[in-house]
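Okay, so here's the structure we're looking at.
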Amino acid sequence: LVDAGLVKESGGVAGSVTKVTSGIGGQSRLGFRGVEDLGNGLSAVFALESGIKVDDGALDNSTSTLFNRQAYVGLKSKELGSFTLGRQYTMLYNAMSQVADPFGAGYAGSIKNLFATAGANTRVSNAMVYASPVVNGFSGELLYALGEQAGDSTAGRQIGFGLNYAQGPLNARLVYNNRNQDTAAVGTTPAKKQDEAKNTLLAVNYDFTVVKAFFAYATDKGLNSSPIPVANAFGYKTAPKPSTDARDILIGVSVPAGPGNVLASYTSKDDKTVNNQDATQWALGYIYPLSKRTSTYVAYAKIKNKNGAGYTVGNNNEAGTGDKAFNVGIRHSF
Amino acid sequence: LVDAGLVKESGGVAGSVTKVTSGIGGQSRLGFRGVEDLGNGLSAVFALESGIKVDDGALDNSTSTLFNRQAYVGLKSKELGSFTLGRQYTMLYNAMSQVADPFGAGYAGSIKNLFATAGANTRVSNAMVYASPVVNGFSGELLYALGEQAGDSTAGRQIGFGLNYAQGPLNARLVYNNRNQDTAAVGTTPAKKQDEAKNTLLAVNYDFTVVKAFFAYATDKGLNSSPIPVANAFGYKTAPKPSTDARDILIGVSVPAGPGNVLASYTSKDDKTVNNQDATQWALGYIYPLSKRTSTYVAYAKIKNKNGAGYTVGNNNEAGTGDKAFNVGIRHSF
Amino acid sequence: LVDAGLVKESGGVAGSVTKVTSGIGGQSRLGFRGVEDLGNGLSAVFALESGIKVDDGALDNSTSTLFNRQAYVGLKSKELGSFTLGRQYTMLYNAMSQVADPFGAGYAGSIKNLFATAGANTRVSNAMVYASPVVNGFSGELLYALGEQAGDSTAGRQIGFGLNYAQGPLNARLVYNNRNQDTAAVGTTPAKKQDEAKNTLLAVNYDFTVVKAFFAYATDKGLNSSPIPVANAFGYKTAPKPSTDARDILIGVSVPAGPGNVLASYTSKDDKTVNNQDATQWALGYIYPLSKRTSTYVAYAKIKNKNGAGYTVGNNNEAGTGDKAFNVGIRHSF
């Protein structure tokens, strides 16, 4: 998939900027995946997926990890479910991008601008994932990611699970994600105990045919449970403080209009700490398909920050620089 | 494409060196590209292309950009031309490698040893390119690359255009490239105004069947318009100074001989500044095809530097270390 | 090929650690290779192969070299043998992984835990390799890798050769590898003369059908001829000293059992220097194939270090952290 377009961001401390950006709606990517049938309903699966920037050709992650999107191998059974090992999506992120957000976690209106998806909340390395088979629309998923720190088996580990229901027009997921942020002793550096980051999310959408309605509610508790994507985008004297106790809400719609779809969403973050740094976002977009594999799009979103909050309008791939952004671009799957 | 061979460079300050080198004739590369027909003469196109070094397996660029050669997505119409977005070639480089140089900007005789192609003169990120359809052999191209610097929309931008004619034995291009080298203020670092780099090139070749003749004339004006590939290859007390006002000329031939082609060129740089650091280059090569996809080659070139000039004989992929170089190698397209 | 599993390492200074690891049996990899028939028994060949980590998606080498496993292009003749240019395996490593070790240089029992394979002993850049055709089971290989240091043609070069015999149940190789570790003068840094690393290996296996027997004997002489994979894994006051004169022995078996194979080996390093830091390793494993392309495995190995030796149980891809390790995982070729 390649996705590139123009982004105009304004409201940031350094002024407006117009950019050619990659991955506005979904990160541009290139991958390899495969399934081998082993007989008896059993199969071997693998995936290697690279996130790339079509604007400058670079790998799309700060650490230059080649297959930073996904890298796993595992076994899949029709009756017993699948077990996979490697770098994988969290249930939390999948629920946001696949169920909660009409913008699919992309474009100016991305749920990621306010909900907590940063870093290991999206994908996690060294993860074992078990996914149950689907029974009457219900399925479950379980993730356990090792911290791999010598001498302390809980330090740095991550646990997640999801309960999913998908049948007819209704799609619902209840997910939980817990990151242990302790670090083990290394050489003469002593071990460090830190609060866990706990995120819980209920995501629902229902397709009424004339309109598809979206709803999400999340709670973020503990250190790093609700990170701010850009440290101090508005140049405040006192930088915004990440909340350690927040509630997030999204209400959205996707309305078929002409050959494409109008998307709209209202997202809010309610900071329950003493700082009370709340924010709300309005977003509007239109996706115009040129074929099943290619589409063009426009989107606009605006955030209102309160009490020194510092949230920015980004897109699937960038955190943004200001409180307003306009996108226009093209997206092509291959 | 994989291209590797032996290179012996001599005349540099550190003495002679014999190397296994990748990309002597053309950078070794691996890419993905596609076209989707959208109907009505419209199609979606994309390309992702990686430059690699077959001698040690590394990515072939100092910044480890994965798809440093090309990365773009766009739309192409038979009647209206094409519009592409991403990391793309400049018209300047295409004219040099495709029309001006019998060595195709590769091997010891590369036009790049003296003409100005360094850095963003070859490819540029965040670029929008419009290419017109061909009418009676004529076509035009326009490039606009955003500087993406907050608060200043002209800083760092690049503009290029080309007027092309190709019909029968004649192939001609007139191209212009302009790089704005200003930088916007970032945090407490103030904005910096710098002279623009302006390059103009006329490239012509004509196929007389018994010989194909090549001619190119270029002017390079402004800061960084004529960079020196290696800072001080000959260990002078006073390092060579890049010219800010230069004229470049190339005269070359490609002569069918036996199963292959003999290539020869004379290239000169005339530095019009007070430093008068001129240089001339003679080059000779032979390409021997083993099949349509595979060929072997030998090439030799020698530069004469005047008044403390410091140009080096490189190849498509390396800047070289001395004023003489010999190449022998193999090239295989896949 | 993707290979991932769980590894539990114990006995190291920082305590036990359980990890999701990639490349336990063989490094996970992704590559491109091709052959073009040029007629008359001649063909052009190339390979580009990337080592990857399925546990976190990263490139599997400390220098982020994209095609760090292999990158070469060359010509192959049925009658004259093949000549290839680029980054290639040493004869030394091929003999260890293909002939000497029942574990194929992978899993907890890897020959690499004690034999000398680190760094340029496995693969070497800028290498020219000539491989003769096979005559009555005999064949020979010759490697010459340029040091590419200006002004000194021997500094940093590597030379290797192998004499191979493979016919019926017998497989034998005698290989030699010599690394010149001199460095040439660069700028004001003077040249440095250093002892060469010389490794000689005899590797033999014989298939008795009910059991396949393996034997290897190696001598390691000179600086860096017998490196220690982990500097001081056990936290000794005096770090272990790499031997400059050592003898290595491996005795192993592979026994068909049920659908799979039981593997076992005994490996020892005899340090002939005054430090006398010897080590011995016992290893046991079972490979259970799910198909021709997919298998699961378990393996265990334990090292006994003597006189302050510091060898660790790793696997194909990791050097390990302790003197014991247990592996369980899955491997899938694609």
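Residue numbering begins at 1 within each chain, and the chains themselves are lettered A, B and C in the order written.
Definition applied: contacts are C-beta pairs under 8 Å (C-beta built on N, C-alpha and C of every residue); 3 or more make two chains touch, one makes a residue touch a chain.
Bear in mind that the values here come from a model prediction, so they are computed numbers and not experimental data.
Both subunit A and subunit C derive from one sequence, and where they touch, under half of the residue numbers involved are common to the two copies.
With rounding to the nearest 5, the Cα superposition of subunit A on subunit B corresponds to a rotation angle of 120 degrees. Rounded to a whole number, the gap between the C-alpha centres of subunit A and subunit C is 40 angstrom. Multi-chain contact residues of subunit A (touching two or more other chains) are listed as 64, 66. Listing the residues of subunit C that touch subunit B in their complex gives 32, 34, 36, 38-39, 42, 44, 46, 48, 63-75, 85-87, 125-128, 145-146, 148-153, 184-186.
By the touch criterion given at the top, residues 2-6, 12, 14-20, 22, 28, 30, 50, 52-59, 64, 66, 290-291, 293-294, 321, 329-330, 332, 334 of subunit A touch subunit B in their complex.
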